[in-house]
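Take a look at these structures.
The following pair of complexes shares a single chain, chain A, combined with chain B in the former and chain C in the latter.
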Partner chain A sequence: MSKNEMIQITYREAVREAIREALRRDERVFLLGEDVGRYGGCFAVSKGLLEEFGPERIIDTPLSESGFTGAGIGAALGGMRPIVEIMTVNFSLLAADQIINNAATFLHMSGGCFNVPLVIRMSTGGGKQLAAQHSHSLEGWYAHIPGIKVLTPATLEDARGMLWSALEDPDPVLIFEHQSLLNMEGQLPANAGAVDIDRAQIRRPGSDLSVITYGASLFKALEAAEILAGEGIEVEVIDLRTLRPLDDATFLTSIASTHRALIVDEGWRSGGISAEICARIMEGAFYELDAPVERICGAEVPMPYAKHLEEAAMPQVEAIVTTAKRMVRSNG
Partner chain B sequence: MAEFCMPSLGADMKEGILVKWKVEPGDQVKRGDIISEVETQKGIIEIEVFTDGTIEQILVHPGEKVPVGTVLATIRVPGEEAKAPREERPPEPTFKYKFCMISAQHKEGPAKRPPEPTPVTTAGKRLKISPSARKLAAELAVNLSTVQGTGQGNAITRADIERAAEAQNAAAPLAPVKPEAGMRQAIATAMARSNREIPHYYLATHIDMSNTMRWLASENKKRSIKERILPVVPLIKATALALGKVPELNGFWIDDRLQLQEAVHVGFAISLRQGGLVAPAIHHADLKSLPELMEALHDLITRTRGGRLRSSELTDATITVTCLGDLGVETVYGVIYPPQVALVGFGKIMEQPWAENGMLGIRPVLTTSLAADHRATDGHRGAQFLEALNQYLQKPEEL
Partner chain C sequence: MNAKSPSSLSGAQVDREHAHHLLHQMLRIRRFEEKSAELYTLMKIRGFLHLCIGEEAVAVGVCEALEPEDGVVATYREHGNALARGISAGAIMAEMYGKQEGCSRGRGGSMHIFDDKTRFYGGNAIVGCGLPLAVGLALADKMQGRKRVTCCFFGDGAVAEGEFHESMNLAALWHLPVFFVCENNLYAMGTALERAQSVTDLVRKAASYNIASSAVDGMDVLTVEAAAKEAVNIVRREQEPYFLECRTYRFRAHSMFDPELYRSKAEVEKWKKRGPIVTLVKRLKKQGLLSDVELEQLEQQVAREIEEAVAFAENGTWEPVEDLTRFVYSERG
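So, the complex of A and B:
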């Protein structure tokens, strides 16, 4: 296989490849979660892994988020490198005690003696008509918690490369895979590997406005940027990639040259990660701003089931285009 | 509430750029403190405050160019209560002529009630401008009062500032780029006005400098090289003392009348290496001893050439002294610096044949000239001044 060879791959397959690579490279790695084995994963991410790696490393669990997340924490403390899969971020609330009170605090509570090298993957976000108990974006909530890292891979490259870096991290890392990205297909170098998990990236350079986003909203922002470029507005699109720790240097630097910032976040506005980003801009780039910071967030309702209502409740390309135009070409 | 204004640092200064604040709202200031720096055609000048109090509000920000007389900051005088902030750019005061003195206005009576709190963001009160645009305006020295905002809610944006800066530059194509050019322009304006408005008369006399030179030589023997007194120092002192005898030469011609000044602040013309000159004041030259004058002169020359003059030094001079003797000039025919009414010129001290009591001798002789404003004085008084000057220089030990 030549070094530059590209392969056609979906986001789902990229995640699967990442898990497979981890299982191969490190015998301490195992996958644990609901339906990950015989069913092949609720979102078919782990399809075929049970056959390849056997029931000792691909472990189906009962519907018991708190229990199996706790088991993962215990295994990590015991020297293993578990990957816990929680079906959706909504269900992770059943394991919130394990994640927040145990995984995130253990290093501190043990006086630095015991770290928890645990990785928890879960799906997040709307757009698949899974309604109010499977579609929310609570990753910003987890970004509130010291002691854990919060990753939101949006690109194929990150879907493929973030897992290994997360497993290498000595502390708990949460990876949020957006439901609507799983079928996204594209080209990836055949030898794609680990990527950094602590820096935001500029996915499209521009001079008029910084759009700060992450996850599935990244592609809406990029689509909007393309439309805006046709109208002479150059938008810089920043993919945060990691919500905790937040790489504010990247977006503050961007704002220093564009002087305008728009945050696109599928999560709710009140008290969300968009509010945190907004606050950091005020703290770090107030004197660079030429217009008020604006936000396009998820509507503050439980996610509707009906297709048109669900669309209305989420940030869409059109809203980004309209808002960007108003911010850049404001005239009273 | 007292107002701290953009001072006039010369007869024809119309505007200045506020370069720097050395105080913040809430800081205590004392009369004489240097609280800001202003860039003029004469370079960057340190501005002193003329009142004691607390800085209440800063109204003009670094980088802004404002007309002379514009209130730069308000100062709460002791015993006065804090007031609601005023709008950033007050209407331009009807500025008359010379310096903008700090006017202490006690509008309210002693038993006033605490003022009603005014919201800072009342429409029209506070300038609506983006933080980045404000920063850019300071960098480009854009006058914000003329900028029309086109941003959200008519806020001023960077684009508005850029447009205003272009318009400003287009309107002022002769804007001085090099400080020397600005200085030349300032001198040109002041001197043209002097020649246009002031009916000069000129008097000159030869002064026997034997006594002064002899006394200086013996005096300087007692001093280290650094402490030695230059001949110009007794000349300045004698000028200052002679003004005590002819006070009409010490003052300003303002509003069609002579305004005598009690204090004698001798402006001493100092040429600058890059060209041009300034004549900053040596304060109370008549009250200083010769060593004190020497020190003051040295300090003044150093700071003038280093561009660190203070505002009072630029505005306070009540008469000007010009010495061109170092360059071999015999007689100076001076042009008065308005609104002053006299200029004393000293030429070279030269050994010359000098007849006295039927005897011929060789004496160090100085040609001293007076250029004076005929509106303020007549030749008769001018002559008395030169004679008084002569008398003082004959008794240097009494200077």
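So, the complex of A and C:
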């Protein structure tokens, strides 16, 4: 295999390759969750891993989110490196006690005695007409909590590379995989490996406006940026990648050159991560701004089923284009 | 399995030295907690303070059955478990003072005693929250081929939580070496067991998950110790969970803010007559295994230890405020 060889791969396969690599590299790693084994994962991410690694390392659990997530925490305390898979972020609320009261607190509450090297993966987000109990974006809400790290891989490279870095982290890391990205296909170097999990990335440089986003909204922002470029507006698109700890230096630096900021977040506006980003801009780049910061967020409704309503409830390309034009054409 | 009769072991001859050791351990817990209550009224200790006075036989009897490499998960009423497990009285007292010499550097307090040397994983103040952890600790041992036991203490209140049932099922399903110890003191805070459970026989609940289970008189340290040793042997040998219900009673209020409206003074007095210390002392004296002088010597030894623990806490230091945000994430390098 040549060093620069590229392979065609989907997001789902990239995550699977990351899990496979971790299982091969570290015998302490195992996968634990509902239907991760025989069924192959509810989103088919772990398909084939049971056959390759056996039932001791690909463990099907009963429908006991709190029980098996807590077991993952305990196993991490006991020297293992578990990857807990929770089907959707909505189901993770059944394990919120373990995530928030145990995983996030243990190191601090024990005065440094016990760290929890645990990775929890779950799907997030809307767009699949799965309605109000399978489609929410609560990653920003988890980012409220000190003691955990919150990763939102959007690109194939991050889907492939964030898991290993998360497993090497001594503390609990939550990885949110947007369900609308699973079938996304593209090219990735055959030897792609670990990536950093600390820094935001500028996915498209531009001078007129900073669009700050993450997850599936990244691709809507990039599509909007392409349309806007045709109209002479150069948008800088920032992929946050990690919501906690939040790399504010990257977007503050960007705003210092564009002087305008638009936040695109599938999560709800009130009290969401978009509000936090906005506050950091006020604290760190207020005098750089030529226009008010604006936000395009998920509508404040539980996610509806009907396609046209679901689309209306989520940030869309058209809204990004319209808002960006208005912001750039205002004279500040 | 049936509950063991409270009198099943009381007639048996016990080793004098060992009996003194058990009594000593229970006295340490009793006097430590009495002193804690006193220090609470002096506002040296703040927050919530939950005393296990009356329940000492459970902590002592169970911890006697554990090996140093075994793990312990406990509740917010855990001073007794921690002392019996071998965490020093000074480190626990300093923790309750909020000093950085405390076993959790003053970040946990009374409800969050932690210690890596004795594998003491808290000090968990969410009822039921510790059970899945115990399952996971045992899973890690099983996966790494270690023959360790994870002992998980919880109260009767936890039995109503979903995490209890999820953990019972997982431990049984995955054949994990967890020793579940239910400290049944008949009240979940102020709610009596029969007001909270449609089935009050807790052994049946564990048995329904195909877990070997039994109940013992939790007021008799020798009975608890014997049952715990038998259970731990089974867990270690068979690599299967075991559920032991210890029927006990809390003599003091739930916490320091409890006017005890939910139970009668007569009921408390009735249980006090069965207190684990008073009954053991009476039995040992009757069998000629304990003299007044020896008891006094034990008391003096305990008093010295408590005095030193308080001095250690008093002389402890406050963690600098600049260190506030330490231990949120691990410090690397």
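Here are a few things to note about the model shown:
Throughout what follows, the second predicted complex is superposed on the first by the 330 of 332 C-alpha atoms of A that agree within 3 Å, B and C clash if a C-alpha of one lies under 4 Å from a C-alpha of the other, contacts with A are read in each partner's own complex, and residues count from 1 in each chain.
FYI, contacts are C-beta pairs under 8 Å (C-beta built on N, C-alpha and C of every residue); 3 or more make two chains touch, one makes a residue touch a chain.
This structure is a prediction, so every number in the text was calculated from the model and none was measured.
On the superposed chain A, the two partners chain B and chain C both fit, without a clash. Of the two partners chain B and chain C, more residues of chain A are touched by C.
In the superposed model, A:H259 lies in contact with chain B only, and not with chain C.
Looking at the shared chain after the overlay, A:F286 reaches chain B, while chain C stays out of its contact range. Nearest C-alpha atoms belonging to chain B and chain C sit 31 Å apart in the superposition, given in whole angstrom. Annotation: chain A has no residue touching chain B in one complex and chain C in the other. By the touch criterion stated above, chain A contacts chain B in their complex at residues 259, 286-292, 326-327, 330-332. Interface of chain A with chain C (complex): residues 30, 56, 61-62, 64, 66-80, 82, 97-98, 101-102, 106-115, 146-147, 149, 170-171.
Interface residues of chain C, counted against chain A in their complex, comprise 71, 100, 102-108, 112, 114-116, 121-124, 126, 129, 131-141, 143-144, 150, 162-163, 166-167, 169-170, 173, 326-332. For chain B in complex with chain A, the touching residues are 130-135, 150-155, 157-159.
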